[in-house]
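The structures come next, written out as structure tokens.
Two complexes follow with subunit A in common, the first pairing it with subunit B and the second with subunit C.
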Partner chain A sequence: MYKFILKRLFMLIPVLLGVSFIVFTIMSLTPGDPVQLYLGDNYSQEAHDQISEELGLNDPFLIRYAKYIFNALQGDLGNTYSTKRPVTTEIFARFPATVRLAGAALFFAIAVGMPLGIVSAVKQYSLTDNASMLVALLGVSMPNFWLGIMLILLLAANLGIFPASGDVGFKSLVLPAITLSANSLATITRMTRSSMLEIIRQDYIRTARAKGLRESVVVFRHALRNAMIPIITSAGLQFGFALGGAVLVETVFSWPGIGRLLVDAIKLKDTPLVLGLVLVMAVSFTVINLVIDILYAFFDPRVKAQYK
Partner chain B sequence: MENLLEIKNLTVEYHTQGEIVRAVNGLSLSLRQGESLGLVGETGAGKTTTALSILQLVADPPGKIMGGEIFFEGVDLLKTKKSLLRSVRGNKISMIFQDPMTSLNPVYSVGFQIAEVIRLHESCSQEEARRKAGEMLEMVGIPKERYDEYPHQFSGGMKQRVVIAMSVACSPRIILADEPTTALDVTIQAQVLELMNDLKEKLQTSMLLITHDLGVVAQVCDRVAIMYSGEIVEQGTIPEVFDHPAHPYTIGLFGSIPTLSMSSTKLTPIDGQMPDPTELPAGCSFSPRCPYARAECHKEKPGITRIPGEETHELRCFALGWELPDEALMEVIKRGR
Partner chain C sequence: MKKIAALLLTVVFIASAMAGCGSPAGNSTATQGSTAPEGAGAAVRDRLVVAIPETPTYVDPQIQAAIGSYRVVTQIFDRLVELDADMNLVPTLAESWDIKDATTTVFHLRQGVKFHDGNTMTAEDVKYSLERCIASSGVNYNYLIISEVNIIDEYTVEIVTSEPCSVLLYRLTLDAASIVSKAAAESTADFNAAPVGCGPFKFVSWELGGDITLAAFEDYWAGASPIKTLVFKTIPESISRTVALETGEVDIAYDLAATDFATVEANPKLKMATTTSGTVWYVGANVKDPILSNKQVRQAMAHAINKQDFITLTFNGNAEDARNTMMSPYLMGYAPDLVTYDYDVEKAKALLAEAGYPNGFSCTLYVQDAQIYKDASVALQEAMRQIGITVEIKSMDGATFTSATSNGEHQLFFMSKTSIDPDSMLRAMYSEDSLGASGNRTFYVVPEIDEMLDEALATTDSEHAKDLYKQIQAIVAEDVPLYPLAVEYLNVGMQADVNDFKLYPGKTHYIYGTHIGE
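Right after this comes the complex of A and B.
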């Protein structure tokens, strides 16, 4: 198991190299002059040439990439063009907010979605089932910026229960988290339902009932654990996407996350910042995938047996 | 001797997409203390549904127990409270399922799955249950060191042993064994049957053995009931039914067993198919295939009659008392065994 985890962590290296190379290439192929951004509106040709030289923009493409990687290995991702502060500082000023938002959204999606899915499966075609499938349908089909605006209107503007925007303590987390979770909540509900429906028809569930176990024990101990694999897969993927920043939700709630930071960086052709953000996202996605794989082994001994 | 289990007029239907499948039709059956009853019939005859009904494990939907009574220890299991039914399941009546590959939960260790039923019904400590589950494993011939292993680490025959250990863990009064050897290969079949016989003697348990293998019945059972299209068409002790099969279906069954002593190139099947359980014939359900059927057979359903001169041999057929013409067939049957 430890060997497996180590092996997977080593696989991060080629992934990061590949991702950084692709993004680096794309950024240098897109039109636009970063020096212009760096210097602002009024500058002389000499200043332009000097900064160009300083930023190493006159070097051939591969040299520039090699230099970037060389510095990155020492923990230096360069300075942003726009604020001229270190990229790492910029990112880690914003990343915790994203983690908090994504975490809260995931928690809400699981806490609501899984019970809904379980009830739907156990009482298939019942009123509860139909109701939660309706919730799931709404969840996937509602654009989340709209849901965000509606929540702000109702719970912030009219009732004043929650703050409408910004990151000012726990209360301000509630609305953006609910908004961001709508989609994953719907997916998790549907996933739980279909997975549970398949499992409760298995022979070993009948065996569990034949033992005389209570229905709740049959469902939670015997069925749910078997149904977990597709559920954690989809929950993990959703969490991974959320960690990459949720531009719309962040914009609606003025949430200081990395989603908006990335969009702004791309617009300004702030190559070091874009690269840094993409690398952070790649690392978090890979780590989440690893966590999902470890959870598989936790839930299913057959999977664990393969991790040798 | 008093009946331990008594099923009266059990009717079970499956309701699917506008069709009603009549799986069990007014079946009556009884089982005495310490007795083994073989329930024989072809696929779709309603054997498994009957066994599942006793513990009310018929999948609902689509299955529905429409009527009847199932008395166990003086209580009608079909009308009793859920909690009482749960205290019977796995404890006083336990079940061995057909397919050992799928009847164990893949994510729990085999030891845990045995200990679970012990802890549930015997309200003992975790260590106590673990110790006893280990003993159960030893009893079915699996070293208790394998307690913490998972079903995927066991072969099919071993898994069936685990299922058996699980079903006898609480010393039940009745074991419902649903084709316990069908999914196993022949040598393992023999081992499992022997194991079940041993356990039955040791524990004085009654058994309802569902099978379509008449050889297994002869080896294990005291009595046999032949099931056709959701009804019992003939039942009696092994010598009664095996030596003097009376129902044309039973005769056909014995006749279809190929023999080693006679060289034959063709099997002797019973002509035709079992009737569609969504549209059962009006009269005797075997009448469309019966070589002896007369006009009344197609119109009226025969009742159950005791065969004169025999103690427990019962028959659901009008042919009792008729001269059955096919002496040659009977000869084949007799020589076949």
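Right after this comes the complex of A and C.
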């Protein structure tokens, strides 16, 4: 098991090298001069040359990349162009807010999505099933920025129950978390339903029922546990997306997380900050995948045996 | 079976109720913010929350010139002279000034002005601040003309410019020329983390990515502000700013979307304020282009644009006609309509035919990837289509747009320029000094204009300067290297009980003087 984890962690190195190289290349190839954005509308050529030198933009591409990797290996992701603060400071000041939002969204998605999925599977083609599949369809199809604006208009502007924007305590977390969870909720509901439907038709479920077990034991102990693997996979992936992809939701709700920071950084062509953010997202995604794989072993002894 | 389904549904409802309705009572104090009248409504509100669209980058005024940052910075620092909301110069830290000769101005400083750190402001601080500004490449563009800052005595400073500069006073009103505490700036490695000025509000805290909190400076030289806590909250989406006003989370919201005006005006708890800004939007032509180098072609294009329709389409009516000058109505020497181009498609076609393009031609229009540019480019494309010119719109991000237009890759482009003095506006737009990135993206050069700009800067006779600026405006109105289209309005929405808030055309509204209630 430890060997497996260690092996997976080693695999992070090529992933991060690849990701950083691709982002570095894209940021260098796209037109636009960061120095111009840095200095605004009016500046002298001397100022331009000076800043360009300070930011190390005059070196050839590969040298700049090599320097970046060399520093990154020592934990130094450089300073941002826009604020001149260390990239790590900027990112980790906002990362907790994003984790909080993504965590709350995932919690909501699982707490609502799984029971809905189970009910739908157990009572296939019932009213509950049809209703929850409709909810799932809506959740997948609704653009989340639109849902966010509608929730703001209804629950914040008209009813005044929740604050419309910002990060001011638990109450302000509710609307963005619901908005962000809509998609994952739908996916988890559908995943749970289809996975449960498959399991419920297995022979061992019939056996369990035949030997007179209570229905709750059959559903939760025998069926659900075996149906968990695809559900965990999709929940984990959704969490990964939420960590990096909450860009629209963070913007609509003025949530001070890394999604909004990434948009600002791209607009400003702030290469060190974009790189740092993408690396952090890549690491979180990979780590989440690893956690999912470990959870497989917890739910399925057969998988555990393979990890040895 | 039924029991289980019912049980599960109950779980679902409880879970969603928990997540959905949160703790309505649990955390009520955290979000009440500004407008909840605490207790029995007896206490006077002295906390003002302002919603701003852009995240400020710095609170040190001398790192980078950006409106987003200066909207906060301007509350913390005072300058030697300032502009009031009607763009008149008012003495601030300098009580008075004498013009000694064409290149030397002597400033007599106000005595007994305290910095937030308790030190008294003296000539030392002024010299230090201006030299600090000149040394910073991000903000020094307007100040490189200053050659010396000399201390005459503790409260007298002399500023010498390398060339005569009649608009020096205007430049000293900009936030880059803020007076900082020398003691504080020298003693700390990161002045941006703990800025010290002598403005009406002192810096309290700024969490990365979060709100900026300021507090009233009780020893402010003009008297302490009745607003004791001033919070700047970044809300990028304009609709979210409107909603935050409606829910009372914020007291003032800058730059509302024109589509929300009616909602705010119809709400008895809210009100709006608007004013004309110093920002002029224009469509420019690269005169190095073989077709656009022809003056008749440019005039034909001007005749093809219906400016009223353009303003309605692009600004939702939230702007006024620029009247064929890049100068905003506030600027000294503003001379509108020296040459006019009526909306006249036939005349435009005739001019094009005379220029040798009876069947029109194709050209590119460079714009940025943002709503205002998209709306404008479609309106311009349609206007040009009427006279047979096929416009290909090239939309790109801000960085690419700035580079491409600075390098002259474009034919037509749409852009804006904000200025508070005639020299910086006209020089940026039409001078050989500022070709490319510095502002002259039409690459239009007339030596006569450069001479007149220098002469206007050198003269101490303001009537003569006005006359020169008028002549320049007449030349460029005739040549139309760029066609000024609209002067943008600035707007702010606020709670009905917020009084005496003033909009500043320079966009960095000065909160001091604003109060809540009577």
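Here, the second predicted complex is superposed on the first by the 303 of 308 C-alpha atoms of A that agree within 3 Å, B and C clash if a C-alpha of one lies under 4 Å from a C-alpha of the other, contacts with A are read in each partner's own complex, and residues count from 1 in each chain.
Assume a contact is a pair of C-beta atoms (placed from the backbone, for glycine too) under 8 Å apart; a residue touches a chain by one contact, two chains touch by 3 or more.
These numbers come from a predicted model, not from an experiment.
For the combined arrangement obtained by superposing on subunit A, do subunit B and subunit C clash, or do they fit?
fit
Quick check for you: in the superposed arrangement, does A:L55 touch first (subunit B), second (subunit C), both or neither?
neither
If we overlay the two complexes on their shared chain A, which of subunit B and subunit C does A:A227 touch? Say first, second, both or neither.
After superposing on A, A:A227 lies clear of both subunit B and subunit C.
More residues of subunit A in touch with subunit C or with subunit B?
It is C that touches the greater number of subunit A residues.
When the two structures are overlaid on chain A, which partner does A:L101 contact: first (subunit B), second (subunit C), both, or neither?
Neither: A:L101 stays clear of subunit B and subunit C.
Now for A:P256: first (subunit B), second (subunit C), both, or neither, which partner does it touch?
Once the two structures are laid over each other on A, A:P256 reaches subunit C alone.
Figure out whether A:L153 sits in contact with subunit B (first) or subunit C (second), or with both, or with neither.
After superposing on A, A:L153 lies in contact with subunit C but is clear of subunit B.
A:A164 contacts which: subunit B (first), subunit C (second), both, neither?
Once the two structures are laid over each other on A, A:A164 reaches subunit C alone.
Contacts for A:K211 in the overlay, against subunit B (first) and subunit C (second): which applies, first, second, both or neither?
first
For the superposed model, what is the least distance in angstrom between any CA atom of subunit B and any CA atom of subunit C?
Between subunit B and subunit C, the minimum C-alpha distance equals 11 Å.
Across the two complexes, what residues of subunit A are contacted by subunit B and by subunit C?
No residue sits in both footprints.
If you look only at subunit A, which of its residues touch subunit C in the complex?
Touching subunit C: residues 30-34, 36-44, 46-48, 50-51, 82-85, 89-90, 93-94, 97, 104, 107-108, 111-112, 115-116, 118-119, 122-123, 128, 149, 152-153, 156-157, 160-174, 177-178, 215-216, 219, 251-254, 256-257, 260-261, 264, 267-269 of subunit A.
Using the touch definition from the top, list the residues of subunit B that touch subunit A in their complex.
The touching residues are 55, 57, 59, 86-91, 94-95, 97, 99, 102-109, 116-117, 120-121, 150, 152-153, 163, 166.
Mind listing the subunit A positions that touch subunit B in their complex?
Its residues touching subunit B are 201-204, 206-214, 222, 225-226, 299-302, 305.
So in the complex, which bits of subunit C are touching subunit A?
Spelled out, the residues of subunit C in touch with subunit A are 1, 4-5, 8-9, 11-12, 15-16, 19-24, 26-27, 30-31, 33, 55, 57-58, 63-66, 137-138, 140-142, 144, 207-211, 233-237, 239-240, 243-244, 246-247, 249, 396-404, 406, 417, 424, 428, 434, 437-439.
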